[in-house]
Structure formats: structure tokens, C-alpha cells
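Okay, so subunit A shows up in both of these, paired with subunit B first and subunit C after.
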Partner chain A sequence: MNRFKRQWAGYGLTAPSYLWLTVTVFLPLLVMFYFSFLSQMPLGKAEPSLTLKQYGLFFQKDFYRFLTWRSIRLGIDVTFFCVLFGYPAALILARSVKGRWREAVLLLIVLPFWSNALIRIFAWTIVLRGNGVVDQAIHVAWPGAPSIGILYSYPAIVIGLVHSFLPYMILTCYISLQAIDGSLIEAGRSLGASHFRIFRRIILPLSLPGLLIGVVLIFIPVTGSFMEPRILGGRDGIMLGTVIEDQFTEVFNWPLGAALSFILLAIVLLICALAYPLLKSRLRLA
Partner chain B sequence: MKNWKQWSRRAAMLAIGAAMMGTAGLHGTAAADEVHVLNWKGWGTDEPWAVEAFEKATGIKVVHDYITSFPETFTKLRTNPGYYDVVVLNAAFIKQAADEGLIQPLDTAQLKNFNDLYPDMRDSPQMNFDGKVWGAAWMWGGTSVSYNTEVFKTPPTSLAVLWDPAYKGRVCWRDDPEDSVRFAAMASGQNPDAPADMNKIRDKLRALKPQIKAFWKSGDEWLKLVAAKECDLSTVWTNNTEAAAVQDKLPISFIVAKEGAIAFRDGMTMGKDAPNPKGALAFIDYMISKDFYAGWVKVGGAPVAANQKAVEELPESSMTRTILATPEAIGRLNFKGPLTDEQRQSYLDLWQETKAYFAE
Partner chain C sequence: MRALRSSLFTNGYLAILLGFIYLPILLMMLMAFNQSSNYTLPFEPSLQWFERLLGNDTLWRAGRNSLILAVANTVVATALGTMTSLAFSRFRIRGHAVLKILLFPPIAMPWLILATAMLVFFFYSGIGRGLHAMLLAHVALSLPYVIVVVGARLQSFGVDLEEAAATLGASPLRVFFKITLPVIAPGVAAAALFAFGISFDQFVTSYFLSPPGVTTLPVEIYASIRKGFTPEINAISTIIIIVSMLLLLLVSRFYRFGGTQ
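On to the complex of A and B.
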């Protein structure tokens, strides 16, 4: 009886958040999913019919596939650099930084979240521009130095996005890393394991869930990003995300925009699904 | 079947309505002493001094809602019927809006400044049809080629300069499918309103690959590019070029190339079932007055008024009077005609494909 009650209390307490998720995430997505099968928007005098035309267009036009690959490569590159910088930072934060300092550093990591994403990206245009802040600083030290302006290029997009998404990686890894029981590491050390072995056999496997969550949290939105590539990428700024944005804003073709979005979502989920068992088996192995 | 269609339409309305909730949807019904204006942000009607002057003179409060593209105007009019009083519309779209029953004719007897408009703009068939006046000609302007006056001691004369290898990586291009196709059409000797050979246009646009430094979408983005000396040439609105030269003191001017330039014309229209038609006419009358234009020119960023008396009061030296509004330059302007949805989509597809090629 008591257990039964507790169960219901659990349902009752979580119901509002599920309801909220249903209304804010699931319903709009469902409407968009429905739109993606329409021949055109049902407005004015238009008489839409149900069709797979929008999905077919993706396979008819080569550049959609090219841009899908570009978007996925962007996701891979940005996620790679986030792991490269974020994981060691989280490791040091969780293992070596103590007390007050740890709180201060965590605050500094979260700080970028408090500013508007657009502002951050525009700030990068000032930094990365030829004759920009970095260039001028270098020229003060070395007057004859060549310009390193990399704004309006693929690396500029990667830099901007890594900066935007790095905090996710640090925070998710940090949470896993700081939960690792210190006595496990002591035990390993007392049994003669090297630093590297401790890392490989204890720390990495135990922090893998945080790392994976970070990867998913970064990879999925980056593949769909459009604002950062457009502002930082110049001639290299076109991604599937910007193409989708244009369908909504330039030509009012919501059905095609929705179809392209769901194709990208499907591909990204497929990649995650394929990668999951692989990582899971490694996890068990370790 | 019929029910299904009705249902799907209602679902679409609901979804779009929900998407627009942040803007008009939340304003609720209008008070009698308000006019609801739909326009681009920073495009004249929301100049703070002008809103203040109008509110002071009439006691009518001006409430703005903004668009970021023309299709959005139509979306907002369709999803919020009876909300907007004054709608700024490109002349090429006025007929479509009237046909769809989104706007209503104007009683021009109530507009004191109507007779000061350039006759050919005032009586343009784009605003006058079915024996009624559907829009008051308001502003016009061009999209042309601007150049850095320090790089070009003598101004270029032809659009070919955009493809000149001497300016490789020095061109800033407006990221707009329609403008891109129109420029390529003019540069390849075709009618920009109905280009006959789209393959030629595709090749012409692809040939821009080495030339382009960056794309811009908002006037502000363009100004930052020019101020940072990222480009020697750009495709840009003439009024933005003039503002950059006059206010920001940048070394820049524009040309109306021998192949032509793109021009647009904006009209002021009244929303169907406007809640405050009297206020709407009062606002339109103020907007087409030379007083308003003089004020807009003073603060900068103004295009060219359709009010002849207003243009005649511009300083003799202004770029508008010396470069754009000269009789021979006006003759080379290609005033945008209407595009069908299919054309718009095919232009966007072509432009996206071209940009994908640029990124290869």
C-alpha cells in the first residue's frame, strides 16, 4: 500500500514536467512532421495535398547531400575539439583544483552562457578579422608579421562553435569525474598501476557517461547550426542549417524546411544509434 | 476530404499563429487611439522622432510590428486579420495582397500630400488598379554596386567590375537569391524580370567564386564589413552607401552601372478591416509628407522619397540627386516586378546550389 502510494506520488510530481515537454517539444515537432508531408503551406487559396515530394527533393538535388555531409563534418570537428579541450579541463578541475578555486573556475566556465549567443559570435568577428584584435596584438610585438585574419572561413566557424559549446562538455565531464570515488584510484595506485593505466582503466571508463552526454549535447545542435556559420563563415558559411533557415524565411516553404530538418535529425540519430553499441561494448570491456 | 483540408488549414494557422505569438498575437485587440504598423525594422516608420511628432500632433499611439522578409508580411496579414492599420509593401506585391483580400483601397481625398508625389509613381499601375488606389507611393531606392573611393580613383562603369580578377576576394555580396539572379541577368545581358537563359545565370554566379569575400544580410552587417575594409566592391542598397559616406565618413560611393541597377518601390497600404482607418490615413499622410522625409534625411539612412517636393529639397550635392535620381540613371533602373512563388523557390534553389559550389 505504501509503495503503491509512493509510486503515485512519483507520477504526480513528474507529471507537470512531462506535460510541459509534451506541449513545448512534442506537439510543435509533430505539427512540423505533418507539414513535411504537405505539397505546400495550407494558407490563402492554396490546396495542399499529402506527398513525399519534399523528401524526394533531398535525393534529387546533389547539393543537399553535399551540405548534409558538410554539416555532419562540422558537428564532428566541433565535437572533437570540445572533447580535446573540455575533457582535460574537467579532469583538472575535478581532480586537482580544490575548494573555493573550484567554484570560481566553474563560474568562469558557465559565464559565457550568460551572454547572448549572437553577441558572442559578433565578438568573434572582431577578434578573428584581419587587422582585428589578435592581428593588432601580434603586430605590436612583431611589426612585419603576416596577417592571420581567418574570419570568413571554415576554421572561424569551428572556433566560434567550440567556444559556444565547450561549457557543455566541461560540465558534463566534470560531473562524472568528480563523482569517481577517490579510494578506487588509491587502490589502483597501491597495486602499482601507472598514471596512464589508472586513467585508462578507472577514470576514463567511469567518466564515459558524462563524456557521451557531452558529445550528444554538442554534436546534435552543431550539425543543425545556421547562425554561426552564416556570420563567421563568409563564402564557406553555407550548411544544411542555413538552407533550412532560408526555406522558412526567404520563400515560406515550411514543408521543405521541415522535411530537410527531419532528414538531418534522422541521420544524426542514426549516427548516434550506430555509435552507441560500439561505445557501450567498450564501456563493458573496460 | 473537404473536412480534412479545412482541418489541415486550421492546424497550419494555429501553428503559424503560435509561432508569431511573440509579436502580434500577444498584443490583443486595438485601442481606438492606436495605429498598428507593419514594416521592416528601422525603415522610417519607427524613427523615434517621427513617432513622437506624430503622436504629439494627433494623439494617436504608434504600435510597430516587424518583418524580416516579404513572405512574412503575407503570413502576418493572413494570420492576424483585422489587426494591422498600415502595412508597408513593396509595390510589386500590392496587387497580390489586394487579390488575396489582405488590404483595402485608400481614400486619397484624406491624404493632403498625395498630389506632391511624382505623378508616374503616384499613378503607377502597381498601386492603381480596378479603379482604386491601393497604395500611396512612399519610398524608392536602388540596389547597385558600391566601391571604395580610395581604391577606385575613377568610378567603375560596368557590372563587369564585380567579376574582374583584379578584385579577387574583395567583393561583399548581398545574400539574397532574387538580387543575385537579377545582377547576373543584367551582367549577362538578359531581362532581369524574366531571364531567358538560367544556365547563363548559373555560370555567371558560379564565376563569382574567387571574387567573394563575404555575404551580408542586414545593412548593419554590410556596414561592419565596409568599415573593417573587408571589401572594395559590394552589391548594396544605395541609401546605405550614402549613409556610410555621409555619417560614417567612409570612403565609399556607388554607381548606376551601364547594364543597370535594381530598384524597388515601397507603397503604404491599409490592412483589410483595419481597426483604426482614420488613424491609418493620418499616419500615411504624415509618412508621405516632405516634413517626414526631411527629418529622415537629417538622421540618415533614408532612401528616396516618392514625394517630388521632398526630393527637390535635398542638397544639390547628395548622392541621391547626383547619381541615382538623374533622368538618365532612372532610365537604367530595373524596378522589380512581381515574382511568382515558383520563381522565388527556383531562385533560392539556384542560389543555394551556387553557394554550395562556393563552399566546395
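On to the complex of A and C.
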């Protein structure tokens, strides 16, 4: 009897969330999937028919495949730089900074992270523009210096996105690095292992789960980004994400936008699925 | 000597990293107080962009919408999230797995895809666009975070106290309000502040779900940036950044970020 009642209490507590997520996640994705097979927008008198046309466009036009590759490359580049700069920072924080100082630095790293991503991207336009403040300041110190104005270029997009997503990497790596038992490292050291060997055989394998979670958390949203490429990229900022945005806000070809969205989603999921065996064996190892 | 050198190296690395993180933000704040409208030197202190902001009704309306939305989101997401994480940690029920799968997309799917899917569904189901649609979206995006933060707090104390109270005849509601809630209060407070921040900063879903005329601050800022730069955006951005950071400092009082626990 009691167990029966607890069962219902559990359902009662979760029911509102279920309902909410059904309306905001489950049904929308389902309906959009259906939409991606429509021949046109179901507006007016013309009855849309079911078709594979939208998906066909993707395979017929090199344009879309080119953009898809660009989006994936952007995801890879940004993730790479986040690992390159974020992992050492997490390592330093976890292993050589202590006490209140560590807490202060961690807080300083996450602090801007919680202010609007859009504003931080906008802030980069001020830094990166040619003949802007930074350029002028450099020219005061070194009159003959070349301009650093790289706004509206691919590197500008990468810089802005690395800035946006670096804290993810630092935090996820830090959490798994901090959990490593210090006695393991001491054992390694007393057995005569070098610093590099300790890192390669103990620290790196044990922190891989955090590193891989960080990679996934960065790669997925970056591949689907549209606002950052739009603001920082100019003509170099056309990505699959910006084309999807256009289909929904400018062109009003929602079926095509839906199809492109699902292609993007499928690619992201496929890459994650390919990485999964690696992820799984590494997670078990840790 | 070696230790000294290495600490110089590690501190230097962290300093450069923090420099990279804060350079654009500080520069933008500085430019908000500069006379020039082209973000150029020399620096001439001026409050004109803030004064212009005062007269910008569009931005004020957008700001008011953002605030209303964030408060509504905080109330709804915190309530739903706390109920759910209570169910996750205290009741063994079938169907948890399904709910956990539904919580996954808001974190692990590009927001662009989720937002456009909501646009399509809301448009054709009669829910429509507007603040209510944005509230639906923001709650979905905040729920996973609320559940994790409150769940962490729930896990950190045993059920002994609750069971003791229940054995003594307290009703489940009484147990919750007299025992569970006071203990998890810091977690709930932190979750509420997270929810507020997520909603206040959320751009992607608001962008797709805002009908003409009903915008939020991020949506309005995006529109201004695309139309061409206006230094007023510097002023409003400076205000938003300061408020967001103060909010996070408040969160950190309740919730430690992976610090020594």
C-alpha cells in the first residue's frame, strides 16, 4: 500500500516537468521532423505533399556540403584551441594553486561566462576591428606595426568562440583533475617515474572523462552556432547555422530549414556515436 | 629555485589566460564611457551613451520584457526542478529514464535546432510566439541545471531526518516544509539564481520565438548590431555585464564551483 502511494507521489512530482518537456522538446522535434519532408510551407490553399526534396537539395548542391564541412571544421578548430589552452589551466589550478587563491581564480574564470554570450561576442568586434582602440594603442608603442584588424574573418570567429567556450573546458577538466587521489602521484614518484611519465600514465588517463565531456559540450553548440559567425565573420561567416537561421527568419522556407537542422543534428550525433566507444572505454578506465 | 620558477610560470600562464578572458569585456566597458562613436582613441570621458540610453524606449521595453520573463522563469523552473529532483532522489519510480532523456536535448543539442523546432510547433499548434512561448522555452533550458544543483544538495544529506519525522507522524508536506526545504534551501537559492541568469541571457530561443514588437534585451541588441554599431549598445552591455556578475557572485555564496568542498 505504502509503496503504491510513493509510486504515485513520484509520478505527481515529475508530471509537470514531463508535460513541460513534452511540449517544448519532444513534440517540437517530432513536428519539425515531419516538416522536413514537406514540399512547401503549409500556408494558404496549396496542399503540401510529402517529399524528400529538401534532403535531396543537400546532396545535389555542393554549396550545402561545403557549408556543412565549414561548420564541422569550426567545431573542431574551436574545440582544439579550448583543449590546448584550457587543459593546462585546469591542471595548474588543480595541482599547483591552493586555497582561497584557487577559488578566486575559478570564480574569475566563470564570472564572465554567465554574462550574455552575445555581448561578449560584440565586445570582440571592438577589440578586433582595424584602426580600433587596440590597433591605435599598438601604433602608439610601435608606429610601424601592422594592423591587427582581423574582424570579419575566420580567425575572428574562432577567437570569439574560444573565448565563449573556454570556461566549459577549464571547469570539466578541473573537476576530474581535482578528484585524482594525490597518493597515486606520490606512489608514481617514489617508484622513480619522471614528471612527464606521471602525467602520461596517471594524470592524463584519469582526467580523460572530464576532457571528453568538455569536448562534447563545446563541439556540439559550436557546430550549430550562427550568431557568432554572423557578427564576427562577415562574408567568411556563412555557416550551416547561419543558412538555417536565414531559412527561418529571411527566406521563410521552413521545410528546408528543418531538413538542414536535422542533417546538422544527424552529423553531430554521428560524430558523437563514433567517439562513443572511445569515450566508453576511457570512462570505465577512470 | 625550481619551485619558484615553476610558480612564476604557472601564475604567468593564469594571468595571460585571465587577460584574454577580460580584455574584450573591460575594453567594451571603457568604450561605453568614451566620447567617440567609432571606438577610437583618444579617450574622452563622457556619459552621453548612458544618457541616450535613458531616452531609448525600445531598449527599455525590451529590458522590462527580459526582467518579467526572467522572474517568471525563476519561479516556474525552480518549482518544477525542485519537485523533479525530489522525485529523482527520494522516490523509486519507473519512467525516470524517459524524463532524463527529455532533459538531455536542452543541454546537448544546438539551441538553434531546439529553437527552430519550437518555432515550427508553436506556430502551427496555436501556442504562437510571444513572452509565453519564450517562457516555455526558457524553463525547458533551465530545468536540467536546476535539477542538477538541487539534486546535489539533496544527495548531500541522508533521509534519516525525513524518515524520523515521518515515523513521528508528520505528513509528507509537513516533512518537506519543516525539514527538507530548510536543509536544501541554499541549493534551491543557487538554482533560482542560475535560472534567472539563464533566462536573462538567453538569446537563441527568444530570437526565434519573439514576434515583431515583443523583444527581449539580447534580441534587441542582436538587431542593433546587425543594423550597424551604436555605442548605446556598449552602455546597456556594460550594465548587463555588471548585473550578471553581481548575480553570479551571489550564487557563489550559496554554491561553490568545484572548489574545496
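Basically, the second predicted complex is superposed on the first by the 252 of 286 C-alpha atoms of A that agree within 3 Å, B and C clash if a C-alpha of one lies under 4 Å from a C-alpha of the other, contacts with A are read in each partner's own complex, and residues count from 1 in each chain.
By definition in this document, a contact is a pair of C-beta atoms (placed from the backbone, for glycine too) under 8 Å apart; a residue touches a chain by one contact, two chains touch by 3 or more.
Please read all numbers here as calculations on a predicted model, not as lab measurements.
Annotation for the three-chain superposition on subunit A: subunit B and subunit C clash. Touched residues of subunit A were counted for both subunit B and subunit C, and C has more of them.
When the shared chain is aligned, subunit C comes close enough to touch A:I109, but subunit B does not. In the superposed model, A:T125 lies in contact with both subunit B and subunit C. By the document's definition of touching, of the two partners only subunit B reaches A:L67; subunit C does not. Touch criterion not met for A:G188: it reaches neither subunit B nor subunit C.
By the touch criterion defined above, A:G210 reaches neither subunit B nor subunit C.
In the superposed model, A:N253 makes contact with subunit B only, not with subunit C. Contact with subunit B, but none with subunit C, is seen for A:E47 once the two complexes are overlaid on the shared chain. Of the two partner chains placed by superposition, only subunit C is touched by A:G241; subunit B is not.
Touch criterion met: A:G224 reaches subunit C, while subunit B stays clear of it. Note on the superposed arrangement: subunit C collides with the subunit B stretch 19-27, while the other options among 19-27, 37-45, 91-99 or 289-297 stay free of clashes.
The contact surfaces that subunit B and subunit C form on subunit A in the two complexes overlap at residues 28, 31-32, 35, 42, 125, 129, 131-132, 230-231, 249.
Across the complex, subunit A meets subunit B through its residues 28, 31-32, 34-35, 38, 41-45, 47-48, 61, 63, 66-67, 70, 125, 129-132, 152, 230-231, 234-238, 243, 246-247, 249-253. Those residues of subunit B that touch subunit A in the shared complex are 5, 8-9, 11-16, 18, 68-69, 71-72, 74-75, 78, 100, 175, 177, 209, 212-215, 217, 221, 224, 228-230, 341, 344-345, 348-349, 352-353, 355-360.
The part of subunit A that touches subunit C in the complex is made up of residues 6-7, 9-11, 13-14, 16-18, 20-29, 31-32, 35, 42, 85, 88-89, 92-93, 96-97, 99, 102-103, 105-112, 114-120, 122-127, 129, 131-134, 136-137, 163, 166, 171, 174-175, 178, 216-217, 220-221, 223-227, 230-231, 241, 244-245, 248-249, 254, 257-258, 261-262, 264-265, 268. Those residues of subunit C that touch subunit A in the shared complex are 6-7, 10, 13-14, 17-18, 20-25, 27-28, 30-31, 39-41, 80-81, 83-84, 86-87, 91-93, 95-96, 98-99, 102-103, 105-114, 116-122, 124-125, 127, 136-137, 139-140, 143, 172, 197, 200-201, 203-204, 208, 218, 221-222, 225-226, 229, 233-234, 237, 240-241, 244-245, 247-249, 252, 256-260.
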